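Some structures to go through are shown next.
In what comes next, chain A is part of two complexes: it sits with chain B in the first one and with chain C in the second one.
So, the complex of A and B:
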């Protein structure tokens, strides 16, 4: 299947007074129509920047240094702002982390929903209103007729995120980017919102690029997962491969940091020691070397290439290099 | 909403009563009497004049007489201008003051708002720096200095506009300009700060993610939200214009309220001082009320809270 979106060798930098911060340092990935690809990683790993780059919504201090983002034969990095406006919302839509601040407080839900409908589908006022009500019903909001006239502060957080989803769906997009859609919500609401996203994705057949640091959500909804660390992809595979056949020590670390239900109170939570490298001066070699329990001499000298473990599973780690000894696999297994 | 406005109006009445009372006793405690050349007048004539205006009565009697007149909408007669009705004088002079005042605010809001928007959109560029220096100058140069300079250069040296006095529309331009400078300075800063903050909000990103054009995002989502806090400064700005007009009117010889106010204080014209004070207080209170109503109109969150309070 030809991919819907292909990202090739993308580099994104921010300019600050201290110098150039290399937030994304050469990533490759593709999203196929209808699939769910999750990007996971800790704060500052570049996952949100990647999402914003695809939408070309980066702040003015950020720049695409090199690389291409291919969407249906067009390179999004080269499009003019006006062309990009016709893609945003209608081809690729996005929902954000915090529904409390993502809606305009001085406009009614209806006004905010109808803006996209009128711009992309060229509906008149009456039809736009009808469609807006349908969209609100679709995202599970009861009494849509009344809700259209209300303002965001009259809605709860979960409802606002539903409205955000409805706004994103207005242009009938083929790709929906969800940037930590549940992080700011209550746990009970989180499940509802993820279920809603999943059911809408099936109904509308769109692809979902899910950005999160919640591995539980990834296991539940994603088809494939990409783990990012310090602006690079360290491991990339199907959900099964990543959770059952974890290769990269960082992914291991993430999985081991998940609290266990059977864990006793006295047991302290596991954390990865150290902190990610400073991206003002990104390391030449493997960025994880200082925190890695299995680091070798070469890890501190040469950056690891992505090595294929299967046709779908890739890892950027010297341990997986064909010439590396395979002892560690037993060690890693023994850790569990 | 009607209840809210009614309550505000009643509160305004109480405030006004307090202001009148305080002003009444304050002006009467000023040294001197309204009489010119007091010492040259024969005592009998002096007493007769004082009696004619009721100024020989004890102060509390005068106070109640004045308040009594007030309820009949009678502000009394001027002591300085040969017994002319104060309300009549206010009516005559109000137009000139109101005209240059409103024109000043309007110029200030349009230019100030425009500069603020431009410098928010082009942060750190020349237009931003220009607006910043303009507003620093505008805040630090008192309006009377500017009024004098304008009158001298534009009026006398270059002869573009009449340097002073009243008559045609051209006479109103320089007084309004001098008044507007402070408004431009403050309002542009305010709009800039607010707009910069609003444009960094998440909902601006949402609006852009919808595919709206930059102009639509700034106009529909940016400006309205930026104007909410900016409306708050309208109150102090109006007061600014009013106090500024006292001096500016004097410099340009505008036959307005400001000149009347200053003259009446200098001449101990008790009724005129009270009349103008009442007038200015009302003006400020009404503009604050209007701004509060405007506030609710722009910001739906306040509107709803007000309804719940009913």
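So, the complex of A and C:
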């Protein structure tokens, strides 16, 4: 299947008074039509910057240093702002983390929802209103006729996130980017919203690029996963490969630092020591070397390339080199 | 010794007046006790009153009714020296490590401030104690001359913990101490809290919304919903045999980081959202979202009953 979106060797930097912060440092990936690809990583790993770059919503201090983003024979990094506007919303849509601040407080739900419908689908006012009501029912909002006249402050957090999803769906996009869509919500509401996103994706057949730090959510909804660390992809594979045949020590560390519900309180959590590197002075070799329990001499000298373990599973780690000791393969990660 | 309670919360209610007519009942007739040396976890969603109870215990709020007793003394009646002693022995670790440290003070000043107020040490001895505390929480003594902005989130949370420890407390209220931190750093801070508990015989009230972490760190867990304690049990018991429909729903809402398990349908998905606490439903607060709601639930507020020894639940299904 031809990919819907392809990102090639993308580098994004921010300019600050301290110097250049290299937020994204050469990533490659592709999103196929209808699939769910999750990007996981901790704060500052570049996952949100990647999403903003695809949407061309980067702040003015940021710059795409090199690389291309292909969407249907076009390079999104080269498009003019006017052309980009016709893609945003109608081809690629985005929902944001914080439903409190991403809706305009001075506009009614109806105005915000109909804006996209009239602009992208060129509907007249009556049809736009009808479609807006349909969209609100689709995302599970009762009494849509009344809700259209309400303002964001009259809705709860979960409701606002549903409205955000409705707005994103208005242009019937082929790709939906969801940047931490449930982080600001309570756990029971989070379950509702993830369930909603899954069912809508099935109904509309769109691809979902899900950005999150929660490996539990990834396990539940994603088809494929990319783990980012310090602006690079360290591991990339299907959900089963990543959770059951974990290769990268960082992925393994993330999985182990979560308490399992059946874990006894006598065992301590396996924390990852240290903290992520400063991207003002990004490490030249493997970015994880200072926190890695299996670091070798080469890890501090030469950056590991992404190498394939299977046709769908890639990892950037020297442990995968044929000359590396294979002791680590015995660690917990696969089926014990 | 093990069963000696250090803190007793008895029928405590807290009502906030929002305007002349509107009142918000944040906490309603809450009772529980915390034993010396244990970790008591409180979980619930935003607005359930879990932070309010933390602040009531610290004496930052005065209860509308009911009493909170620390070592058999009503903490809201304490005056003078006794009050100062209480404030030394009960400390807090805050949620947001960015907002809870004064950006204009050095780490030395932040950690030493409590020692000065309680006149525990001064001069060279005080500095030595600060260094000791910093090392205890996994920082270095030369960090003392730096300012909070020079540290990462996890390190700042360590500074916050060092500040709480500086005055030799017995009881620490930790209000969402890890929810602002990244996953890999959360485990570091939780391991640190447990190490300190063993070393210094501390008692914790651990307030959080992350159930898997609360289960892991706590000996006993209370589940709150709309200002009420709906279930209370030992943490293993609560997770093995949740009784209240809300606890069951909360547990099944946790996303499991295991794709094989995640694909099995198991969700008790709750419909609807938490009702507005200004205008709570009659009877049981959970009945509007409860899959088992009966007629009686709308009429009578369920009282807590002890279903099996030490497992308390407030639900009409068990009466």
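Criterion: the second predicted complex is superposed on the first by the 322 of 336 C-alpha atoms of A that agree within 3 Å, B and C clash if a C-alpha of one lies under 4 Å from a C-alpha of the other, contacts with A are read in each partner's own complex, and residues count from 1 in each chain.
FYI, a contact is a pair of C-beta atoms (placed from the backbone, for glycine too) under 8 Å apart; a residue touches a chain by one contact, two chains touch by 3 or more.
Keep in mind that this is a model prediction, so the values were computed, not measured.
Chemist: Once the two structures are overlaid on chain A, check if chain B and chain C clash or fit side by side.
Modeler: fit
Chemist: Return first, second, both or neither, reflecting whether A:192 touches chain B, chain C, both chains, or no partner chain.
Modeler: In the superposition, A:192 touches chain C alone.
Chemist: Kindly classify A:277 by the partners it touches after superposition: chain B alone (first), chain C alone (second), both, or neither?
Modeler: Neither partner.
Chemist: Looking at the overlay, what does A:219 touch: chain B (first), chain C (second), both, or neither?
Modeler: second
Chemist: Name the contact category of A:85: first (chain B only), second (chain C only), both, or neither.
Modeler: first
Chemist: First (chain B), second (chain C), both or neither: which does A:116 touch?
Modeler: first
Chemist: Determine, under the contact definition given at the top, whether A:158 touches first (chain B), second (chain C), both, or neither.
Modeler: A:158: touches chain C, not chain B.
Chemist: For A:268, decide between first (touching chain B), second (touching chain C), both and neither.
Modeler: second
Chemist: Rounded to the nearest Å, state the minimum C-alpha distance from chain B to chain C in the superposed three-chain model.
Modeler: 9
Chemist: Both chain B and chain C touch chain A; at which residues?
Modeler: On chain A, the chain B and chain C contacts do not overlap at all.
Chemist: Can you list the chain C residues touching chain A in their complex?
Modeler: Its residues touching chain A are 45-46, 152-155, 182-188, 190-191, 194, 209, 211-213, 215-217, 219, 235, 239, 249-263, 267, 269-271, 273-274.
Chemist: Per the contact definition, I'd like the list of chain B residues that touch chain A in the complex.
Modeler: 201-203, 205-214, 216, 220-221, 224-225, 228, 298-301, 304
Chemist: In the complex formed with chain B, which residues of chain A make contact?
Modeler: 55, 57, 81-82, 85-90, 93-94, 96, 98, 101-108, 112, 115-116, 119-120, 151, 153-154, 164, 167-168, 170-171
Chemist: Show me the residue ranges of chain A that touch chain C in the complex, using the header's touch definition.
Modeler: Residues 42-43, 156, 158-159, 186-192, 194-195, 213-220, 239-240, 243-244, 253-255, 257-261, 263, 265, 268-273, 275 of chain A touch chain C in their complex.
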